[in-house]
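Structures follow.
Next, two complexes with chain A in common: one pairs it with chain B, the other with chain C.
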Partner chain A sequence: MIGAYAAGATASLLAPRSARTARALGHSGLCVGALAGVALAIRCTAGGASGTTLRVELPSLFPFAHLSLVLDGLGAFFLLVVSIVAVAAAVYGPAYLRAHGTGSPAVEVLGINLFVGSMALVLCAGDALTFLLAWEGMTLASYTLVVSEGGEADAHAGLVYIVMAHAGTALLMVVFLSLASHAGSFDFAAIRAAATALSGPERSVLFFLALAGLGAKAGVVPLHVWLPLAHPAAPSHVSALMSGVMLKVALYGVLRLGLDLLAPAAGPLPPSWGWTVLVLGSTSAVIGVLYALQQHDLKRLLAFHSVENVGIILMGIGMAMLLARRGGAADALAALSLAAALLHTLNHAAFKGLLFLGAGSVLSATHLRNMEQLGGLGRRMPWTAWLFLTGAVAISALPPLNGFVSEWMTFQALVLGGGQLRGGAGLAAVVAASALALTGGLAAACFVKAFGVTFLGRPRSARAAEAVEVAPSMRAAMILLAAVCVVVGVVPGYVMSLLDAPVVRLLGGAGPSALVTVRGPLVLSALGAAGAGTALSMTAAAALFAALALLVWGICAWPRAAARRLAPTWTCGMTPQSRFDYTATAFAKPLRFIFAALYRPRREVEKETGPTPYVLRRLRWEGDVVDLAETELYQRLQAGVMRTARAVRSRSTGRIHGYIAYVLITLLLTLLAFGRG
Partner chain B sequence: MSPELATRLIDALGALLLFTMILILAAGQLYRAIYAVAAQSVLIALAGAVLGATTHNLDLWIVAGITLLVKAIALPWLLLRVIRRVGIRREIEPVVPITATLAIAGGIVVLAFHLSSSLGAVRQAITGNALPVGIALTLMGVLVMMSRREALTQMVGLFASENGIFFTAMAVSQGMPLIIEIGVVLDVILGALVMGVMVLRVRSSVDADIAELDRLRG
Partner chain C sequence: MGRATPWALALGQMALLVLLGPLVTGVIQKLKARLQCRRGAGILQPYRDLTKLLRKGTVQADTAGSFFRAVPVLVLASTCAAAALVPVLFAPPAAGSASPLPLGDAILLLGWLALGRFLTAVGALDAGGAFGGMGASREMTVATLVEPVLMLVVFSVSVVAGTTDLGAIAGHLSLRRGSFGAPDILALFAMLVLLLAETGRIPVDNPDTHLELTMLHEGMLLEHSGPGLFCLVLAHHTKQIVVMALVQALFLPWIPASTAPFALALGLGAFAARTLVLAIFLALVESSYAKLRFFRLPQFLGIGFLSAFLAVALRLL
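After this line comes the complex of A and B, so read on.
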C-alpha cells in the first residue's frame, strides 16, 4: 500500500514532460494504494469481534526510538474510511484537474499521494514518533495542496491553516512527549502501560491538551476558522479528502488517546471528559450548520457542514465516554453511541466526499462557486444533479439514506443514555439530543437552498447556461460514493459487523452488531435484547419510499382524458427571468432574522431615485454575516499580539548598549530575587 | 604557603582588583583602560598562582600562566596596536556619564557584598572574600560594556567580566576545570580578534561606530 503511494508520488517527477501522463500515473498509484488499504482494512476488521492486529517493525531511523506500524481494529476501520474516499478521489482527480486545474501537476500529484499516504500512516502508527511524523506529513502535504491553485486568497487560507495546524501539533507533541517520558519509550504499548500509573489530574490535563490539539485539526468550534478557508481553496477532490477524511483522522486521535492510551485501567472515564466532548460536539454541530446556511459559496457551505458533522460525531463519542464502563445497560448504550459515531464517520466521509465531488463537477463545468451565479444546472447536468441530490438527502439525515441511520443511532444513544445518567446530567444529554434534531432540520433547510439554487430554476449567468455534463470518470467516482450512501442506508445491519472490531477494541464487551441487529440484519434496534429501545427497519422504509415513488409516478403517468398542454408560467405579463427566482441570500433570510444575535448581519442598501421616489434608478444591496469566533476571539487575540509586539519593538532600539543594559538589569534583578537564599 | 597567608594575600589582591576596575571605569582615555585591564589580569594570574601554591593544584598554575600570557600581555598588545593603526579618537565617549557610571558601580559593589553575606554555604575557607569581589567584577564588566560607545572598550569590559568570573570560580570551587578555562580563554581571544578586525575594517571602509549599528535595524 505504502509502495503504491510512493510510486504515485514518484510519478510527479514525470510532470515536466507530460502533465497528462503524470496526473494519470500519479492518480493510479493513489488508486492502487487506496485499494490495498481497503483490502488491508477489511482483512483486519473481518477477523471477528476482536479483530486482527498487524504489526510491522520499520528500520530504525533514530538511535533513541524504533518505529513500528500497528494496525488494530480501530485503525483499520478509519483506514477503510480513508481508502474508500481516496479511491473515489483518485478516479475523479485526473479529469477534474484537466478541466479545472490551474496548479502545477507535479505539486498536485506529489501532494495528494503524500497526503493520503501519511493519513494512512497516522492510522497505522504503532508509536508516538511515527504518529507525529505522519501527522506532520499530512499537514504539510495538505498545505501544499491548499495553496497549489495559487492566488492571494488561497495563500491567506493556507497561512491560517498552517498556523492553526501547527499550534495543534505543538500541543500533541507536548502530550506525546510527556507520555513518552513517563513510559521511557515511544511505543504505544509502553505508553498504554505507563499511563495507568498517572494520577487523575495529570491524566485529565494531558487529555484536554490533546483534545485542543486534535480539535484544531478536526475543526471543532471555536478552532474551526481555518476550515471554511482552507477546504474550498484546495482542488475539489482534495477538498473531499480533507473534509471527508482528514478531520476523521483527528477524531481517530481523540478516540485513540481518550478511550485507549489515556483511559484509566479500570472504572469509568472522568465525567469531565465526556461532558467536554459532548458540549463541544453540540456547539460545533449547531454553529456549523447555522453558518453553513448563510454561505453562498458552494464549497464553503460544504466546509461549514463538515464542522457540523464533526460535531455530530463528537456528540456520539462524548456520550460513549460518559457511559463507558459503568456496567449494565450503560455499557450497551456506550457501545451503541460509539458505533453511531463511527458509522457517522463512514457516512460523513461518503456523502461529504460525494457532495464535494459534485461541487467540483459544477466548478469544472462552470468555473463558478458562487451559487448566486449558478442555477438551472439540473437540466444541463442531470447526472451531477441527481448524485448531488443523493448526497444532500444523506447529509440532511433523511431516510432512506445513510445519514439518517447514524443520526438516528446517535439520537437513540443520547436519549436513552440521558435516562441512564438521571437528574440534571440526563436532562443535559436530552438537550444535546434536541440540538442534534435542530441540526438535522437546519441541514435539510440548507441543502434545499444549496440544491435548489444551484440546480433548479433558470441559469443566472452565461457560464451556468452553457454548462455541460462532466467526464464519465468523474461521474463514476461520484456513483461509487453514492452507492456507499445507499448501501449503508438501506441495509445498515450488514455494515454493523465492520464496527465490531473498533468498538470492542475500545470498550470491550459485546460488539454493536450483536446489540443492534438482535432482531435480524434487516431491523435495527437501539438497545438490543434489553428491548427498551425502539426499533427501525431501514430496508422496509426504503421499500416504502420506493413504493410511494412508484405510486406517484404511476399517477402522473396515468393517461388522462384531457390532452396535456405545455405553457409558460404566467408572470403578470412580464417575461420570466432568472432574477425572479429565489436567491440563496433571500432563501436564508428568515433564519438570518431568527438568529440575528449570532450572525450580527450587516447590510447596506443604496438607493438612487429619479425625479420621484417611485422611480428607482439604481438599487444596490450588500450584506454579510460575521463569524463570531473569528471577530470576537481571533481578532482580539491578534490585536493583543500586535500590541505586545509593537510595545516590544518600541523598546528595542537596535542599540547594542541598550541590550547590554537589559542584560545587566536582568542579572541584578535575578541576583536580588534569588541571591538571598 | 600557609592557608592564613594565602587568605590575606587573596583579600589584598581582591581589593586591588576592585581598584583596577574603578580605574577602568574612570578612564578617560582608551589606552589607560587597556593598561588597567592588563594590570587586572596580572593580579588575577597572581591570585591563581597563590591559590595553586596553597592547594598544590597544578591546573591553577597552568590557568594562571595562560591568563598572564593571553589576557595580560597578548590581547592588550593587540588592542593597543589596533588603536595605533586606527589612529584617531583616543578619548572614551561614554553613553552614560563617567560619574554616573562610578555611582552605579559603587551600588553594585555594595549589592555584591550584601548578597554574598547570605551565600556563606558556598564560600571556601581560603578564598573568603573573593566571592563578592568576583560578582562585583563580573557585573561591572557588563556595566563597562553597556556604558561606552567604542567597540574596543566593549572588549575591555568583556575581559573584566571574564576576570570576575574566574575570580568567582576560584572563590566557590578552587577554579573551574582546566578544559573549561582554556575554552573560555579561546572564546575571549576569538572575540578580541573579531572585534579588532571589525574595528579596523569598518574604520577603513566607512567611518562608523558600534553605536551606529542601530541603523541596521529593520
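After this line comes the complex of A and C, so read on.
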C-alpha cells in the first residue's frame, strides 16, 4: 500500500512533461494505494471482536530508536475511513484538475500521494517517533496542497495553517517525549506499560496537553481559525480529504492517547477528561454550525461544518470517557457512545467528502465559489444537484441516511447515559443532547440555504447560466460516496461489525455488534437501565418511506384532464428575474439577528433617494460577521505579542552595558529561583 | 404475537391519523368561527378542499426543475412515515419487544418531520420567488429554535422511562398513572408552547393569511398547485394531528394495552376526546392572542426551553 503511494509520487516526478499523464499516473497510484488500504483495513477489522494486529518492523534509521508499524483494530478502522475517501478523491482528481487546476501537476500529485500516505502511516505507527514523523509529513504535504493553487489569500491561509499545526505538533512532541523518557523507549507498547505508573495529576496534565495539540489539528473551537481558511484553498478533492479525513486522524490521536496509552490500568477515567471533551464537543458543534450559516462561500461553509461534525464526534467520545469502566449498564452505554462516535467518523467522511466533491463540481463548471453568483444549476447539472442534495440530507442528520443513524446513537448514549449518571453530569449530558438537536436544526437550515441558493431558482450570473454537467469520472466518485451514505443509512447493522475491533480494543467488554445489533443486523437497539431500551430498524423505516413515496407518487401521477402547464412565477407584476430570488444573505438574516451577540454583525447601508424618500435611486449594502474566536482571542493575543515585542525593542538599545546588565539580572534570578536546593 | 400484527397496527394507526388529520383542522376552524361569532364552514371543508385540489391540473413555475415535482411527494411520504410512529389506539405493554422490525422511536419521528420541513423549504426555493425564500428562511429559523426544546421535552420523559420508544413510554406511563408530578407539568407546559409553533398557529404563525409580512408556512406553498399542493396541505394536516398525538403519548397516555376490539374502540374514543381538548386549546389561543412579531419568537420559545430544562433538572437532580 505504502509502495503504491510512493510509486504514485515518483511517477509524477518522472513524467513532468505531460500534465495529463502525470495526473493520471499519480492518481492511479493513489487509487491502488487506497484500495490496498481498504483491503488491509477490512482484513484487520474482520478478525472478530479481538481484531487482528499486524506488525512490521522498519529498518532502524536512528541509533536511539527503532521504528515499527503496528496496525490494530482502532488504526484499521480509521485506515478504512481514510482509504474510502482517498479512492473517491483519486477517481475524481484528474478530471477536476484538468477543468480547474491552476498549479503544477507534479506538485499536486506528489502532494496528494504524500498526504494520504503519511495519514496512513500515522494510523499504522507503532511507536511515538513514527507517529510524529508521519504527523509532520501529513502537515507539510497538506500545506503544499493548500498553497498549490497560488494566490495571495491561499498563501495567507497556508501560513495560518502551518503556524497552528506546528503549535499543535510542538505540544504533541512534549507529550510523547515525556512519555518516552518515562518508558525508556518510543514504542507504544512500552509507553502503555510505563504510563500505568504515572500519578493521576501527571496523567491529566499530559492528556490535556495532547488534547490541545490534537485539537489544533482537529479544528476544535477555539483552535479552529485555520480550518475555514485552509480547507477551501486546496483543490476540492484535497479539501474533501483534509476535511473528511485529516481531522479524523487527529481524533484517532485523541482516542489512542485518551483511551489507550494514557488510560489508567483499571477503574474509570478521570471525570474531568470526559467533561472537557464533552463540553469542547458541544461548543464546537454549535459554534461551528452557527458560523457556517453566515458563509456565502460554498467551500468555506463546508469547512465550518467540519468544525461542527468534529464537535459531534467529540461529544460521543466524551460521553464514552465519562461512562467507561463504571460497570453494569454504563459499560454498554459507553460502548454505544464510542460506536456512535466512530460511526459518525465514517459518516462524516462520506458525506463531507461527497459535499466537497459536489462543491468542486460546481467550481469546475462555473469557476465560482460565491453562492450569491450561482443559482439555477439544478437543471443544468442534475447529477451533481441530486448527489449534493443527498449529502445535504445526510449531514443535516435527517432520515433515512447515515447522518441520522450515528446521531440517533449519540442521542441514545447521551440521554440514557444521562439517566445513568444522574446529578449534574446527567443534566449536562441531556443538555448536550439538546445542543446536538440544535446543531441538527441549524445544519438543516444551513443546507437548505446552501443547496437552494446554489442549485435552485434562476442563475444569478452568466457563468452559472452556461454551466454544463461534469465529467463521468467525477460523477462516479460522488456516486461512490453517496452510496456509502445510503448503505450506512439503510442497513447500518452490517457496518457494526467493523466497529467491534476498535471498541473492544479501547473499552474491553462486549463490542457493538453484540450490543447494538443484538436483535439481528436489521435492528439497532440501545439498552437503558433495567430492561428498558429503544429499538429501531432503519431498514423497515426506509422501506415504509419508499413504499409511501411510491403510493403518493402514484396518486399524483394518475392521469387527469388538465395537463401540467408552465408559467412564470408571479412577482407582483414585474418581469421575473434572478434578483427576485432570495439570496443567501437574506436567508440567514433571521438567525443573524437572533444570534447577534455571537456574530457582532456589521452593516452599512447607503441610500440615494429621488425627490421623495419613497423613490429609491441607488442602494449599497455591505455587511459581514466576525468570528469571535478570531477577534476576541487571536487578535488580542497578537496585540499582546506585538506589545511585548515593542517593549523588548525599546529596551534593546544596542549598548553592550545594557546587555551585560540583563545577563547579570537573569543569572541572579535563576540562582535565586533554582539554587536553593 | 405474530410478526405481522405490530406492523398492521402501526399502519392502521397511520392510516387513521392521515384520514382524521383534515377533520381536526376543520374542527379547529369551526370552533374559531364560532368564537368570532361567525357560522363558519362545515367541519368537513378541508376534505372538500383536498379532493378539489386532487382533481385540478398543475401550473408549475417555469424556472422550477425536477426538485419542485419531487418535493410534495417526498414531504407527504415522510410525514406519513412519522404518523406510523405514535401510539394512538394501542400501546405495547413491554418496551421495545413488540415488533421484530420496530419502525422507530420519538427521535425518528422528529427526524421524519424535520425531513418534511427541509424538503418543503427546498421546494419553496426552487420556484424562484421572494415569498418562497422568505417563508423557507423563517420556517427554518423557527424550526431550529423549536427542535432542541422538543427534544428536551421528549428526553425529560425518556430519562425516567429509559427509552425513547413512544409506545413503551406511553405503556410505562399508563402503568404508573396518577403520579403526575411537577416535572410533568413543566414539560407539558413546554410542549403546549411547542404545539403552537409546530402546528403553525398564532402566536407563531398565522394559518389564515397570505400576507407576506406574517406568513411562514403558507409562503412556502405559494407556488404549488393541484396534486402537489394537495400533498403539502395533507402533510400539514397530518403533521398537526401527529404532534397532537405526540403530546398525548408523552403526557396523557391513557392508551389501552390490549388489541381486543372493545379496547381499541375505547382507545379511539379516548383519543378523540383528548384531541378535541387540544383542538379547543388551539382555537382558544388563536382567537384570544395576536401574532407575535417574528423577532419576539425566540423569547416565546425561550419560555418553553426554560420549563423543559427545569423539568429535566427536576428529574435528574
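What we mean here is this: the second predicted complex is superposed on the first by the 645 of 677 C-alpha atoms of A that agree within 3 Å, B and C clash if a C-alpha of one lies under 4 Å from a C-alpha of the other, contacts with A are read in each partner's own complex, and residues count from 1 in each chain.
The working rule: contacts are C-beta pairs under 8 Å (C-beta built on N, C-alpha and C of every residue); 3 or more make two chains touch, one makes a residue touch a chain.
In this text the structure is predicted, and so the values were computed from the model without any measurement.
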**Study point:** If touched residues of chain A are counted for chain B and for chain C, the larger one
**Key:** C
Exercise for review: Would you check which partner chain A:Leu671 touches, where first means chain B only, second means chain C only, and both and neither mean what they say?
Suggested key: first
Review point. Given the touch rule stated above, what does A:Phe545 touch, chain B (first), chain C (second), both, or neither?
Key: second
Check your understanding: When the two structures are overlaid on chain A, which partner does A:Leu159 contact: first (chain B), second (chain C), both, or neither?
Key -> neither
Review point. Just chain B (first), just chain C (second), both, or neither: which does A:Thr569 touch?
Key: second
Practice item. Could you say whether A:Ala189 touches chain B, chain C, both of them, or neither, answering first, second, both or neither? Key: neither
Revision key, fill the gap. Note: overlapping chain A surface for chain B and chain C spans none
Review point. Which residues, counting only chain A, touch chain B once they are in their complex?
Key: 653-657, 660-661, 663-664, 667-668, 671-672, 675-677
Check your understanding: Residues of chain B touching chain A in their complex?
Key -> 95, 108, 111, 115, 118-119, 121, 135, 139, 142-143, 145-147, 149, 154, 210-211, 213-217
Review point. Which residues, counting only chain C, touch chain A once they are in their complex?
Key: 54-67, 72-74, 76-78, 80-81, 84, 95-96, 100-105, 107-108, 111-112, 114-115, 117-118, 121-122, 125-130, 132-134, 136-138, 140-141, 143-152, 155-156, 158-165, 168, 172, 223, 226-228, 230-231, 294-295, 298, 309, 312-313, 316-317
Check your understanding: If you look only at chain A, which of its residues touch chain C in the complex?
Key -> 376, 378-379, 382, 385, 389, 393, 396-399, 404, 408, 411-412, 415-416, 418-419, 422-424, 426-427, 430-431, 433-435, 437-438, 440-442, 444-445, 447-449, 451-453, 455-458, 519, 522-523, 525, 528-537, 539-541, 544-545, 548-549, 551-553, 555-556, 560-571, 576, 578, 580-583, 586-591, 593-594
